[in-house]
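You will see two complexes here that share chain A, one where it goes with chain B and one where it goes with chain C.
This part shows the complex of A and B:
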């Protein structure tokens, strides 16, 4: 575990000195704030109830594109520069390398996610500290469940990104492949909309079961935590990290 | 036979590709279609040729270090994935859910749990059938959050079934799913027979996956089709088997065939008690008094949670029934009991309604149908209840302690141009009626009343219910056949008398009623400035600072 901790710290520190990580954080905050302010305007004008999870719905979608940017370099860069071979010579197991790098990326993701807490806090301030005699109240439950869900969701997207980073030495290819995969996993939620001449109902249902969005949009975001959704994201992480570890291991016998 | 090396090599490649194609088409078609079979056969032939003509090449590949390690990795990954899938499926079946919402909006209310408990106690099996076309898989998933809880809490008593109407259109039509108005959120409930097939006659439409709607339908289903009405005999009551105009065979058939209520007759004079399986005791048009012993049996039955339907003609005068009616007079033990217990008095009068649109003032059509009771919600001037020779009803204004245990709900009133004629024996002798201020009762007059105890969902079987109508003619074969409103009124009485409560009471927290969000223009501008400009720019500035610092250090 010591090796995991060392690699984790190194990777996390790497994010904080990498311009691309700041650019990703900048882009995420900018895009989410546009979505948030647009929703806020609509809610006020249409006299709708406050919703503390609006930023999260947008965040989940943007992660399809930003998770690959955060993970594409993790192993591909090491492989291209030859430092991965050097790591193989150290007394560190492949699983520790994978786990350390993944946890580093997930921790950085958590920091960005924490920045978005400002949006529910704004909604809470508008409701709780309102001067009006009768004022609305924000239900904090969906916010708690939503953040837990989006945190697990992010972990799953990062695990997919890390796997593709292990597959190739080219960061661009790794990023492109993981983005395409995540996009398909995201769209799986809408598989039922395709005509039955293109996709059978059974396949549509199967695609929906493995869809990243399906396990988030109908449960976490409304304040309900279903254990199978938690297991789904944990399972995606476990399988992808295991596949990443086996891919790394294959470098020893290829 | 020796094949060229090149052909052998290509047969292995072609065989592998054909197998992959077969897998893809299998996923695409969802079954082993002709093309899947053809590609599978081609793949096996291609690989078979390779194995047959280049066995050493196959052996070398399989025993090679790379293939051995690769295969092991692949098998391990597949096994690990299967393990994860199995865990996921097991957890999915456990239905472990935590509801973080305020007031637990997505968890079943105590009222619903009680309704489910009643389903379990009844021994019946209810199937919730949800129709969701494949385009609405997401909506189905949302509905599942509530529906699965009924399934889990109900155990073997509540089943849940999802049906794609496009895949089974005949079944969808059987349930009444039209695919147009209720394209989504089309949930039905039905009893399931002991053979495991749905009892289509019992199908109830629920609509959306709304907890209140589902629990209401469950309670309604439990209270219909399970009743048994006992019709009193021995006082020249109307016969449930008579096809004559004055019989009530048609009304009885409504109970029997449509509402599936069992019918029986009982003579209280010769009975020890009203049977325990009686859902209601029905007294239709007696023309002689019930004695003390009979009234005591009725009282005992009511105290056990029994329910009563009493349809009474005015005394003396109704020529259809021979004019020898002396029931519900002031010295009648049953009249006294109805007053002492329920605070309802059947007056000794005859309603003359000059506002009636029919040919006689003695055939009144109610001018007011109360909305206080769901029994009356269907009626209006376009769908009236037609009565003939009606006595008015009085309800207590200052109930005593005993009478206070019940709620009295007026059902229908005559018009303000009516009055209650009290000189009935004179009327019987052929004298014309006219309003006498000192003797007659001015209208509008009450013609029907419902009495019930306040709702107790924990013990619904103990909720006493009584319906009293001051006329009998309206339910006879002649009237029920000719007037749709009369048949509906009879059906509504039966449904109300057998049911517990139409709308379960839910905790207030189920509907938190949050107020809309409010923010001034200035507040919104500040929020927009902070979130869209300040926050992202701060992150960008920190990033730039780090980048320049590192660049200078490298330089």
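This part shows the complex of A and C:
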């Protein structure tokens, strides 16, 4: 476990000196602020109840594209630079390398996510703590559940990205493959909309079950924390991290 | 310190290592000498626990690399052929990271000591991306010695350096051998000759010869071909030598002949006798292989035909 901590620290620090990590953070925060702004404007005009989770819904979708940017480096670069060879000869287990790197990425993600907490705060400033610019108060339940959900969701996307980073020495390929995979997993939600002549109902149902979106948009974000959804995201993380470990191990046999 | 027994490695159908065995004692510098693709890196990767052998055994300071991998790795400092550096870290940060992964208690002191030893203490705060190639090589060494391991494994430590840097690194290796057992690989013969207590010549996955540079030279000169030159025509010399029983083959070469003895026998006295009896004036009688380089080429050629 000591090695996990050492690797975790280095990976997290690496994000703070890496231009791409700053760009990702900047892009996510910019896009979220725009969607938050327009949503708030709409609701004020229509006198609707403010939505504290709007930032999160946008966040989830953007992670399809940005998680690969955060993870594509992690193992592909080490393999190319030859540092992975040294890593393999240290008294460190493969599982510790994988876990340290994953936790580093997840921690950086958590930092970006934490910055978006400013939006629920803004809404509360406008409602609960002001002279009712908006008619009704924000519902805090979905915000708490939503943040838990998006946190788990992000972990799952990062685990998928890490797996593809272990698969190849080429960062671009790793990033592209994980982006494509995440996109398909995201769209799995829409499988049910296709006519049954194209896709069988069973298959559509199966796709929806493994859809990244379905376990989020119909539960956490409306304030429901269901065990099956928590287990789903944890499961994706566990499976992907295990697959990453096996992939690393297979490098030793090549 | 290092015991290797019957080590074999296959990549698919390709036999990269063919039952090699050798030992390195404490405080020795052992050089792995061989052309590219001979199996040097493969052997080192097995010893360092990077990959498992197909069969056979390798023991580092009492720990088997396959059954006791974590303990065995703790005994080793390893410098791979491409120096494994993180360009975005500082020099001292990098060594500290490695020291932490090896679980060192007194990191700060160990890091400074290692940097001091490789002569990089003055660049401790530079970014790795900004230091020269020679310095990178030395930083790679610092990483390998920071935990003061009994065994150092260095894969082509002087490759790609300029002559001045090569000298520095060689000097450093000799220095390190005072406290460590060093196994290093090279395809530069003079390097092996200068540095090693023991040379292992490896070719196509087999160990062809092993011993101190002096021993090797003697042994191989004995078995090797001999050049004989006398005054006068070659034919007279050829006729004389043909009568000797121990000779396998006589080939005219320049002004004399090259003689290959049977069964690696020492035939120089017999040749001298025969030449004298035939009343020929002996001008030259010497083993053809005079440097490690000749031996190496000779051996690898023989190995290649086999």
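List of remarks:
Following the convention adopted for this analysis, the second predicted complex is superposed on the first by the 250 of 254 C-alpha atoms of A that agree within 3 Å, B and C clash if a C-alpha of one lies under 4 Å from a C-alpha of the other, contacts with A are read in each partner's own complex, and residues count from 1 in each chain.
Just so we're on the same page, contacts are C-beta pairs under 8 Å (C-beta built on N, C-alpha and C of every residue); 3 or more make two chains touch, one makes a residue touch a chain.
Predicted model, so just to flag it, every value in this text is computed and none were measured.
For the composite obtained by superposing both complexes on chain A, the positions of chain B and chain C are free of clash and fit together.
When the two complexes are laid over each other on chain A, the CA centres of chain B and chain C sit 150 degrees apart as seen from the CA centre of chain A, to the nearest 10.
In the superposition on chain A, contact is made by A:3 with chain C only, not with chain B.
Within the superposed three-chain model, A:172 lies out of touch with both chain B and chain C [touch as defined at top].
In the superposition on chain A, contact is made by A:90 with chain C only, not with chain B. After overlaying the two complexes on the shared chain, residue contacts for A:223 are found with chain B alone; chain C is out of touch. Looking at the shared chain after the overlay, A:17 reaches both chain B and chain C.
Contacts of A:117 after superposition: neither chain B nor chain C is touched. With both complexes superposed, B is the one of chain B and chain C in contact with more chain A residues. Residue contacts after overlaying the shared chain place A:180 against neither chain B nor chain C. Between chain B and chain C the least C-alpha distance in the superposed model amounts to 5 Å.
Taken together, the two structures place residues 17, 253-254 of chain A in contact with chain B in one case and with chain C in the other.
For chain B in complex with chain A, the touching residues are 27-30, 65-66, 69-70, 73, 76-77, 80-81, 84-85, 87-88, 91-92, 94, 96-102, 105-106, 134-138, 141-142, 145, 164, 166-167, 512, 514-519, 523-524, 527-528, 531-532, 535-536, 539-540, 542-544, 546-547, 550. The touching residues of chain A, when paired with chain B in their complex, are 16-17, 19, 21-23, 25-26, 29-30, 33-34, 36-37, 40-41, 43-44, 47-50, 115, 118-119, 122-123, 126-127, 130, 132, 134-137, 139-142, 144-145, 189-193, 196, 199-205, 208, 214, 217-219, 222-228, 231-232, 235, 238-239, 242-243, 246, 249-250, 253-254. Note for the complex: chain C touches chain A at residues 11, 45, 48-52, 70-71, 73-74, 76, 78, 80-86, 88-89, 97-98, 100-103, 143.
Against chain C, the residues of chain A that register as touching in their complex are 2-3, 6-7, 10, 14, 17-18, 81-93, 252-254.
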